[in-house]
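Multiple structures are listed underneath, in structure tokens.
There are two complexes below, and they share chain A, which is joined by chain B in the first and by chain C in the second.
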Partner chain A sequence: MADRRRVNGPGGITVPPIYEAEDLPLPDRSRQPNGIRAQYLKTGVTPSASGSAYLEIEPQNGSVSKGMKLTCTVHGPRSLPRSAPFSPHMVLSTHVKFAPFATRQRRGYLRDSSERDLSTHLETALRGALIADRWPKSGVDVIVTIIEGDQARQVAVEQGIEEWDMMNVLGGCITVAAAALADAGIDCVDTVSGGVAALVPGKDGEEPVMVLDPVPSEHEEILAACCVAYLPSRDEITNLWLKGSLSSDANLQRMLIARAVHASKGSSQAVAASLTEAALAG
Partner chain B sequence: MAAVDDIPSTALPGKVLGPTSRFAPGAGTHIFEGNVVSSLMGRVTIIPPAKAPGPAKRLNKITAPTVEELATITVSRHGSKHEILPDVDNIVLARVVRLMPRQAIVVIQQVGETVLQTEWQGVIRVQDVRATEKDKVKIYESFKPGDIVRAQVISLGDQANYYLSTASNELGVIMAISEAGNDMVPVSWKEYKDAETGISEPRKVAKPS
Partner chain C sequence: MASQQILFSPAELAYLHRSLSLKPPIRPDGRAPTQFRPLTAETGILPGTNGSARVHFSDGTEAIVGVKAEIEKTIEAPRAEESKPESNEAASERTRGDWLELAVEIPGQRDDEASTVFLSEMLREALLADKEFAKKLFINRRFHWRLYLDVLLISPPLSYPLPLLSLTTHLALLATRLPRLKSEGDEDPMFDDDWEASTFLYPQEGTATNGSRPPITLLVVAIGDNVIFDPAKEELAVAETALAVSVAEVRRAQKAGDMEVDSKGRELSLLSIRTIDPPSRLTPPGVPHTSNTGSSAFAPTKLQKAGDQETEGVWKAPLGGTKFGVLDGIIQAVLEKGGVADEVLDGLEGVELS
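Take a look at the complex of A and B:
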């Protein structure tokens, strides 16, 4: 049955876009293993929201990576619906949604399971940073929209690496949501930021290497990856997501987490610089 | 206070502002590991400790040094309005929306001097309308829908409502409109009068300040 709650598309036939076969450059990472991509952050982009932020991660020249564009709006603190029970602290709800055109595979209007999964991760990440008991009886909605997902149109589907992309997306979601919360004036113990590190096979059969801020399509294979939400001034992790096949060596796992923390420190510096600018301006 | 210079002018959440031994935490800050830490993004303001006006009195009793002697650090955003919540003991302005035999439902629109962005529902129960002769209070002789009421928050209440009270001379209806639709003027502690038609209506009147 048609979705009657929304304005649906034209009734007639529409033709999905057909892209020419791209002459793709070979997957290659031009950055240093410990380098992250540059970020652009701007707060206060949505006037109707209490707080908002826009994050752009630079596309890589000569690479298959097309960068990533995210926006986040924060609504609230506002009164809870009548049906909600009494809450002595703030009730946080997070929504992560890909725009229908964000990735090669078109997304539906309703959130699918991967988007709901991202929302849950984001909620855990932010809940550790919020001072929720300053806002009794109120709710806040954090809505992140991914305008452009970080994958080249063709490669991601062909290589079957979409699932690795989720980590990059989560890292971006955490960073942009923290900036929007700061813009909304909601008390946080720290500016949380996301960071990703991955273990990839070395070139020419060498030992596997750890890289920061991995772009999955730049690597032939990803052995394991880790995404953290990190509070830089407290040195605390609020959310940890590690997946892949690591040997049972605990040291390796610890090292991967440490690299992810390192990546989030990098992005937190970028965020702090643009937030300070916004704080000075208004 | 020579070491004030090392306090930054702007802060982000998580920025350490100074030790609690020298500063008291104000709005927009919290305490972590003995330091006052910013919890908002904005400009840092240091409020010097309140000094007693005039020459210091001669010490005639022993008092413990209080937190008042510390400078208070606050972080706030200039330009944009900061949302606040009604809290217990705040004086609020509210609009009456619905009457029931045992209570009046109101919508809180202003807390202290701050106009709220969102509306919060409150309730004035019949026993909280006035301080004396509580058993003789009738809600429909105290408020009418549309009245603006000055009230005090007595409790955060249940899931939906803040509990408000008008049990004080200064609290009660401050603006009322008659059945004919004209503005009315207060004539006694329990009556508003329509100046045009001359008809009086009962209200719980706030003492004009």
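Take a look at the complex of A and C:
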């Protein structure tokens, strides 16, 4: 949705350079269907914030995927402004923002609808994990910045890929925000972690297969995808986002959610490892 | 969603939660768990649009949707030149989701507020999830329709407006007509002036009715072990889980012989699921009588731990997520043959399209 409240300058001032078509063969997925990309997670990267984390997802060799880099800062818990109404719980506000240079298409400084949508998803995912009644009358801000989006230069031109990419971004946002919340020392029932699974058409007209942590540009088409926010020790899901066209076969969406939960277990190990490391380092 | 204040006391919430987790649940307005609020609907109310609809729920919420279509030049992708001899089929696959513009307006809320954006993205996502919709907007390789869907809630948002907006959008799309194309191939499009000759975006009965129909999004909540459809405001305030599930009917080519098979049930396809943050997480907790220092008769004899354990009958906001089994139960209840989705679609089919 366009911003109708301000008179903005024309959006297309910076014209992205158009490169000659590279004859890159569309790379195939080299990982196993149940393999996720390696993740690097470090907490406490922003000294001025009460909690922060940085997540990097490994770029693939020989693939158009350039990996993803996210950073999250948590400010608070701090007292609400005097004008705010009384709240018996901590008030959580989430902001997700792409850096202007994160994707092929330049993002403006104002958040667009997809970013606002992502922040609502993130809020749902985190609110389930927080024990919010331990901080009445206080607020916490969770700010996630996507420094580098997971998009190849040439392939991302085609629309459709970008939409599927949002699921991956949300999965990363959830994981990095959970680590930053833990770093800030805010009580949670568990560290929540994000995981993505997708249904892609099989090779040579075979049955569709399910893959974990899909890179949209590695597949010709994505039939359906699912992103979950999962609490491993309680075995509960705080946020579920599934889209795509699934036939009425009941097992398909059940399988897809189960695979996404499986993927999030992988990234929860990264969170656990980095938090232990931070705790040992003191 | 978070901005909406919940004006229920802990005692009211505990009462609601208790009666809604009974088997069968007792809903405040006396409905069955799978029953929708009664509604009145009409289509073709706005003469200046390609299709429009108005739906009025019995609780006083009302929405109108107008669909307007414009012709737009398709911007060729820079790669298109390489593969010149493309068949029309292949070209129609290069459809884009942004040919559809959807705006939701809710009184009292800014149009860029996160919850409004969330609603409109949810409706948009369900429409575009199967790639059929964008193909309907394809005219030829150089031109396409651009569809503007404007969703207006005209009453104050008394309950979460998602089911209302979704049903209204469904009806408006069913009633949408586009002028009949007279030109052929890739020449500049020419259209028939006669509005009577215009074609429906979603073909009507009798003609080629194959393919998907517009989606509907159902709001389903789980309270205790119960799955409740179309929750009112009070029910949403005590819900442990709220899911928005979008389904659409897919019609298959049928032979003349199997008419009976069709009448039994329809084939539903699942398009999208989203978790909605239930407002119950923001409700104030109740204070058990035993730990209430204000009541002198039952002065607390020993120190209570900081409210970690739950007392029977005292409201406490739900914590944590949802078990997979509960989510699965909700999805099964929506997709069930002859279930609520069928009932709603049957009801909407009865609305006369003008």
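Keep in mind that, in the parts below, the second predicted complex is superposed on the first by the 256 of 282 C-alpha atoms of A that agree within 3 Å, B and C clash if a C-alpha of one lies under 4 Å from a C-alpha of the other, contacts with A are read in each partner's own complex, and residues count from 1 in each chain.
As a convention for this text, contacts are C-beta pairs under 8 Å (C-beta built on N, C-alpha and C of every residue); 3 or more make two chains touch, one makes a residue touch a chain.
Please read these numbers as outputs of a predicted model, since none were measured by experiment.
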Touch check for A:Ala279: first (chain B), second (chain C), both, or neither? first
Have a look at where A:Ala182 lands relative to chain B and chain C in the superposition and call it first, second, both or neither. first
First (chain B), second (chain C), both or neither: which does A:Ile147 touch? neither
Answer with first, second, both or neither: which of chain B and chain C does A:Val45 touch in the superposed model? neither
Have a look at where A:Ala99 lands relative to chain B and chain C in the superposition and call it first, second, both or neither. neither
Of the two partner chains, chain B (first) and chain C (second), which one does A:Leu246 touch, if any: first, second, both, or neither? second
Is A:Pro232 touching the first partner chain B, the second partner chain C, both, or neither of them? first
More chain A residues touched by chain B or by chain C? C
Tell me the contact category for A:Ile131 with respect to chain B and chain C: first, second, both or neither. both
First, second, both or neither for A:Pro85, with chain B first and chain C second: both
Intersected contact list for chain A, partners chain B and chain C 85, 87, 129, 131, 189-190, 231, 234
In the complex, the residues of chain A that touch chain B are 50, 76-80, 82, 84-87, 129, 131, 135-138, 182-183, 185, 187-191, 231-234, 272, 275-276, 278-280, 282
Looking at the complex, which residues from chain A come into contact with chain C? 1, 3-5, 18, 21, 85, 87-89, 91-92, 113-114, 116-117, 119-121, 123-124, 127-129, 131-134, 157-160, 163, 189-190, 192, 229-231, 234-248, 250, 253-254, 257-258, 261
Residues of chain B touching chain A in their complex? 10-16, 28, 30, 32, 37, 39-43, 77-80, 82-83, 85, 117-121, 156, 158-160
Footprint of chain A on chain C - complex, ascending: 2, 5, 77-79, 82, 96-98, 103, 110-112, 114-115, 117-118, 120-121, 125, 129-131, 243, 250, 267-277, 281-285, 306-307, 317, 319-324, 327-328, 331-332, 335
